[in-house]
Amino acid sequence: MTRPGLLNEEKVFKDPVHRYVHVREELIWDLINSPEFQRLRRIKQLGTSYFTFHGGEHSRFNHSLGVYEIMRRILETFEGRIKLSRDEKLLCLCAALLHDVGHGPFSHSFEKVFRFDHEDWTKAILVGDTNINRILRRMGAQFPQKVSEVIAKTYENKLIVSLISSQIDADRMDYLLRDAYYTGVNYGNFDIERILRVMRPHEDGVFFKYSGMHAVEDYIMSRYQMYWQVYFHPVTRSAEVVLRKIFQRAKYLFHHEYEYRIEPVQLLPFFREQVALRDYLSLDEAVVLFYIQQWKTEEDPILSDLCERFLDRNLLKYVEYNPRDFKLFAELKEIFSEAGIDPDYYLEVDSTSDLPYDFYRTSQEEERIPIMLQMQSGELVELSQKSVIVEAISGKRRFDYKLYFPMDKIQALPKEISGKIRERLGVMEDV
Amino acid sequence: MTRPGLLNEEKVFKDPVHRYVHVREELIWDLINSPEFQRLRRIKQLGTSYFTFHGGEHSRFNHSLGVYEIMRRILETFEGRIKLSRDEKLLCLCAALLHDVGHGPFSHSFEKVFRFDHEDWTKAILVGDTNINRILRRMGAQFPQKVSEVIAKTYENKLIVSLISSQIDADRMDYLLRDAYYTGVNYGNFDIERILRVMRPHEDGVFFKYSGMHAVEDYIMSRYQMYWQVYFHPVTRSAEVVLRKIFQRAKYLFHHEYEYRIEPVQLLPFFREQVALRDYLSLDEAVVLFYIQQWKTEEDPILSDLCERFLDRNLLKYVEYNPRDFKLFAELKEIFSEAGIDPDYYLEVDSTSDLPYDFYRTSQEEERIPIMLQMQSGELVELSQKSVIVEAISGKRRFDYKLYFPMDKIQALPKEISGKIRERLGVMEDV
Amino acid sequence: MTRPGLLNEEKVFKDPVHRYVHVREELIWDLINSPEFQRLRRIKQLGTSYFTFHGGEHSRFNHSLGVYEIMRRILETFEGRIKLSRDEKLLCLCAALLHDVGHGPFSHSFEKVFRFDHEDWTKAILVGDTNINRILRRMGAQFPQKVSEVIAKTYENKLIVSLISSQIDADRMDYLLRDAYYTGVNYGNFDIERILRVMRPHEDGVFFKYSGMHAVEDYIMSRYQMYWQVYFHPVTRSAEVVLRKIFQRAKYLFHHEYEYRIEPVQLLPFFREQVALRDYLSLDEAVVLFYIQQWKTEEDPILSDLCERFLDRNLLKYVEYNPRDFKLFAELKEIFSEAGIDPDYYLEVDSTSDLPYDFYRTSQEEERIPIMLQMQSGELVELSQKSVIVEAISGKRRFDYKLYFPMDKIQALPKEISGKIRERLGVMEDV
Amino acid sequence: MTRPGLLNEEKVFKDPVHRYVHVREELIWDLINSPEFQRLRRIKQLGTSYFTFHGGEHSRFNHSLGVYEIMRRILETFEGRIKLSRDEKLLCLCAALLHDVGHGPFSHSFEKVFRFDHEDWTKAILVGDTNINRILRRMGAQFPQKVSEVIAKTYENKLIVSLISSQIDADRMDYLLRDAYYTGVNYGNFDIERILRVMRPHEDGVFFKYSGMHAVEDYIMSRYQMYWQVYFHPVTRSAEVVLRKIFQRAKYLFHHEYEYRIEPVQLLPFFREQVALRDYLSLDEAVVLFYIQQWKTEEDPILSDLCERFLDRNLLKYVEYNPRDFKLFAELKEIFSEAGIDPDYYLEVDSTSDLPYDFYRTSQEEERIPIMLQMQSGELVELSQKSVIVEAISGKRRFDYKLYFPMDKIQALPKEISGKIRERLGVMEDV
């Protein structure tokens, strides 16, 4: 088996964000053409965001190519600054291209209900019996494992890990620019060319020349804005809530002897929580949407109602919610139950939070590597010590709680009950 | 039943092409929220183009909102120039919004194999038993019929028809800009603001102030470029060929007693060519892609092979083809048959042609209404008489023929046969 | 005298920032065509910034049209929300168009040395014997005075004043977008359409719907970035220092019996600080640059050296400077004097500072009107109470001090002296 | 004298068109900082176009950096495809940077009246006693001469010449993109990245891969549009006519003993047509505009009137003109003379023409090198043989004639005469 070399002729993809994606390596070309990677065309990058921003219909395939391209450009700027072997460079490129290969359809909701983590599937695809594994192994028997470790942040070379997973990495840079472009929201723009120009590699990661501090600030602000304007949009989250409830109900029915009109064959392994790699790889958005459409005409009124809501974008309404107000939630739950609206499916608190930047945090969730600036003197200084704006938001986690409910069902209740609920929710006619 | 009025507050959609889509009319808002219109979210605007331009993943929902918005702006520029009643304006807006509502998944290929025209379904959705029909009827019993006539170009008011169907209309202007934006191909750009500024209504259509001639020229060039660069791209057409063959094979099997592992319930009416409106409305890309995925593991080798090709983007290769060379095609067909590659599914000529602009043509296909310029003197002159560039391309239909075949299958044949085929095709190792 | 009405046909200017500038009012059209307004074509918007950002060569004419256009759009969004008479609307448009009409060439440096304020000249042009005054008086004898008051912020209607002078007004919004566009710096971008959409008028000013808070945040961040990245760029300030020193020297020579080779006729009134309106109006960048070029060959070595530096962009170098380090400055001054480099012209501290946003400040300089958000409940809340980012930077003035000096002259000194200076400045070979 | 090498650190200019201009060579850096090159900051790229498109205020400095940057990128794509020595590459870069260095203010009009060609000055600056010459000579005594030959198209290496002067070269590509950007006219956009990607060097020039044909077509259409929309705009040409008449009158007065209030010292060599290099280099737009402003108050009524028109943008009006209608011109001339309007200064035919593309033409003016496409077979084919659009416009020269006159002066004449003139001109009240 010969190790893969360069293509006879460079291949390019026209890309609206980076103008062109350039592929010179046979290895990369073969990975892109593998079934497991092509499958990402059938999974949306932004899950349910297209219900809020109709432009946000792009796939994870689209984004993955973009991350690869940014990585390729980063490596180009590293030329002459740090010594990376050809294998290490290909490792970076493969990790960038494949970092999301384990994602499934509507991962956020799907994983929550069926209790798994797409990162485990990413690993399984890289090291398991797949085309991607076979392609990677042409670089050496250990190569798939290494790619997997880079993506899992356990690889020994911290520089390589940080290029794909840090507070300013190829993945984040691509999705901010890309999601901004497709949704039409212009908060996600920042000067990536400048950031790449001032990025410098060192043994354990990267730093940025001080002269580029404002570009980095601008990136962090873009990130902040995109999170609150797009990713955490309450309408998008309403669609996620509905989706979660669909999956929850479908699973519940399966475990309670419900007879489906059409058996959801492809989903049974997930209902049973016994999923083989092959089952997982045959899952895509078409499969999920197919069953949601079938279920619209199922007999179970909760399942069919939720599916209809999702397909026809008749989502749940919401109000701000104080997470400490346990009494309110309990009361509403009771009124809902009495009124015949099952609160397990129609009353939901969705919370979200974001930490725009942090320089040091030892927590369960995620440790943050600080962004370092290199002063003219050569000294390295942590970003928030120089940037008043970044300092202001460092370590400040912002939370958002919303309470979701079906306004149309409430309005259809007898006036008295409906009034009681509305009074508790603090909403008048329309939300 | 009260006629729909204005919304309490204007609604907006963030749109990357027109920045914002503005909705003030209750009628439009309700149409957008109807299940039949929401279904367009599950149908891609550009069919299989995403295989060539990964950015082209946007839906017909996306485009339909854009056509509506352009129409809204056109009507704004008409204020004070021509008298249109509120009903006529709403007629324009509804026709713009709904002109594609009858489209199905991958229409181009699907309609060819199952022999129907999505325009008939558009009509059926407007005048049949649908939510859209009920919403439209609030404007009067005849209103749905009128919308249908505008879209079908049979409505008596030629001005209104021309706004949605002419050589420079709201539909074409939106799709050129939109498809260019999402694919990242910048040939589709033209100055729509200027075109709208110089557009003037008259009884039977519109004309353009002479001062805006260059903007109109530029639009026609954009159209020309987008057709040849994007819409007719040979790789996109290869995916269409594969898709057509999938549908053809699936239908054939159905009519020849093949037993499907999983019965393609939603497609049976199409196989039988007996489709009810309800069947049609439950069809979307998820359904088609679901079955393509199922069929990948069907026993029939042709069906499973074609489905695998489509899903994994292992498409057919192509060479230029001289449509008068009947002998070549016959010869190849024979060699293919002998070699065990069924030419009905693996050898296909795809032809396409475009007429970028015409000022007068009485043909079966389509009559072209000329684009008129208004000179400073007030006189109306047909565009190609003033524009040397448009004159140069007027009435010149350009054709393109490609012959598609599975290179991998040919390469797997015994060297001698493979060499004979390659020699006939005029291709060496790689295409 | 008839009051000016609407133009027969709308006039438009192609504008790269707002796409088109629309003029419907005869009054505005005539003002644009007045000599005093056309003069703004000969004065750069960004003074010496083009030495740093070569794209920043646009004129105040360019910007003034933009402010007018934003004001026109603001008034459009106010339709139906507040009652403004035709006169009041024209007052807004005139104030927007003419707010900078009193600017002279390189105002920043020129005004400092010749001790005047361009705002006084704006007033003089509006109420004095000028074409602009004659045009404005067609609206009534008091109209020019009113325009002047709006620009001077003394007009009684606080709403009107705030549209042109507040922390988020037509002037600032235009220059941030425009300067970003021409320089190519993309930090200045924000979503002006959204801001205009959520802007609501009330008696004493404007507020913004809470749903648009992020767009306002983004505007404030853009402002912050543009100040530090573009407006306060140390190289631009170096050019300003050189220019100031040129004016200072030219004035000094005039007051000390120096005989100019060519008498700077147009500048004499400024040297004498006795300037008539007519003198002022005949001043533009061409006049200043003409004399700078003449002075390049003057006998006075300081004047000719400084002019050569300016023309050939051989500017002063700089280091960070601690404003409290009086000793350093005194020492350097002495060494410079001894070394024959006149410190009055070749050693200069330039300081700058910015307060990105403030909600309340009673100071000599400028009182800041807070930006108010309207919550869904109707309540008005000051921006920084809702925005963690704005809160973080509110009222925090940031300062920057730089010490400027001619590195080439220092390098030409005997090694010992040069070394002493360099050691004090903390610079090695290159800066 | 050591030959110039690489800079310690790459320098960049922020450029709105190419995002960044990169300078790695000491030689280029020094050339940019030379007084002769900095002088280009004081000369507008588009002459009087800013009267029509207010955004078109950018300088030749701005454009020259852009041409250099495109050349730098072209050379990058040539790496590995053709062998160019370091000297040859620097020759290309210098020729790109300096190709316009001999331009003076408002060259078009200025050169016509004072009868010289800026190309001769370009040569003089390169080979004469200038800083630029001294800098270039560090590459070898013959280097300045070589740069001059490349710009003059007489250099032996045809490939190098064609990169800067052909139908698709670095100069044209930059000005189309740049002028489009600053004016805001979007007709000038084309996909330069794609063009550079498909450009291939050969001994005598370049060719383009057939796959990029549409990008080349699009470039040619952009060129065509920019010429007719921007460069030949009749209002811009009106300003040129006024300017020409100013220079013509000023020169006439000088030769007829007129005593100027302020002697136009810097212009005397031009009046005498005896210009030294030093005189030429001290000329810039500031000097010309300075005198135009002085002349506004000269006693000669023609000179002062024309200068006022130019400064206050009170230009001449125009009508279409048939160049064969000698009688009309003679008649008008007579009526003008009788009415006291000197036709030598107030009646002018301005003609312009453009040949968008040609593949072969032996003419006096300019020989056109055809654009060649390389087919997949390797064969080279001339563009218009493949592109129906380019074929349609090849070799078709388009002409435009306009007759310019002062409408205000005509309107001020006795009604009878004014009516007679207007009737001949075919204009009513307003033009």
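To keep things simple, chains are lettered A, B, C and D as they appear, and every chain counts its residues starting from 1.
Note that in this section contacts are C-beta pairs under 8 Å (C-beta built on N, C-alpha and C of every residue); 3 or more make two chains touch, one makes a residue touch a chain.
What you are looking at is a predicted structure, and each value in this text was computed from that prediction instead of being measured.
A.B. asks: By CA centroid distance, what chain is farthest from subunit A?
C.D. replies: When every chain centre is compared against subunit A, the largest gap points to D.
A.B. asks: When contacts are scored as defined above, which chain pair ends up with more C-beta pairs, B-C or B-D?
C.D. replies: By number of C-beta pairs in contact, B-D is the larger.
A.B. asks: Once you find the CA centre of subunit B and the CA centre of subunit C, what distance in Å lies between them?
C.D. replies: Their C-alpha centroids are separated by 51 Å.
A.B. asks: Any idea how many Å lie between the Cα centroids of subunit A and subunit B?
C.D. replies: Measuring from centre to centre gives 32 Å for this pair.
A.B. asks: Mind checking the centre-to-centre distance between subunit B and subunit D? Centres are C-alpha means, answer in whole Å.
C.D. replies: About 44 Å separates the centre of subunit B from that of subunit D.
A.B. asks: Send over the residues of subunit D in touch with two or more other chains.
C.D. replies: 19
A.B. asks: Over in the complex, which subunit C residues touch subunit D? Could you list them?
C.D. replies: Checking each residue of subunit C against subunit D gives 13-17, 19, 33-35, 38-39, 41-42, 50, 53-55, 57-59, 61-62, 65, 181-185, 262, 265, 282, 284-290, 293, 308, 311-314.
A.B. asks: In the complex, go through subunit B and note every residue touching subunit C.
C.D. replies: Subunit B reaches subunit C through residues 12, 19-20, 193, 197.
A.B. asks: Hey, which residues of subunit A end up touching subunit C in the complex?
C.D. replies: 186-187, 189-191, 214, 217-218, 221, 224-225, 228-229, 388-389, 391-393, 396, 398
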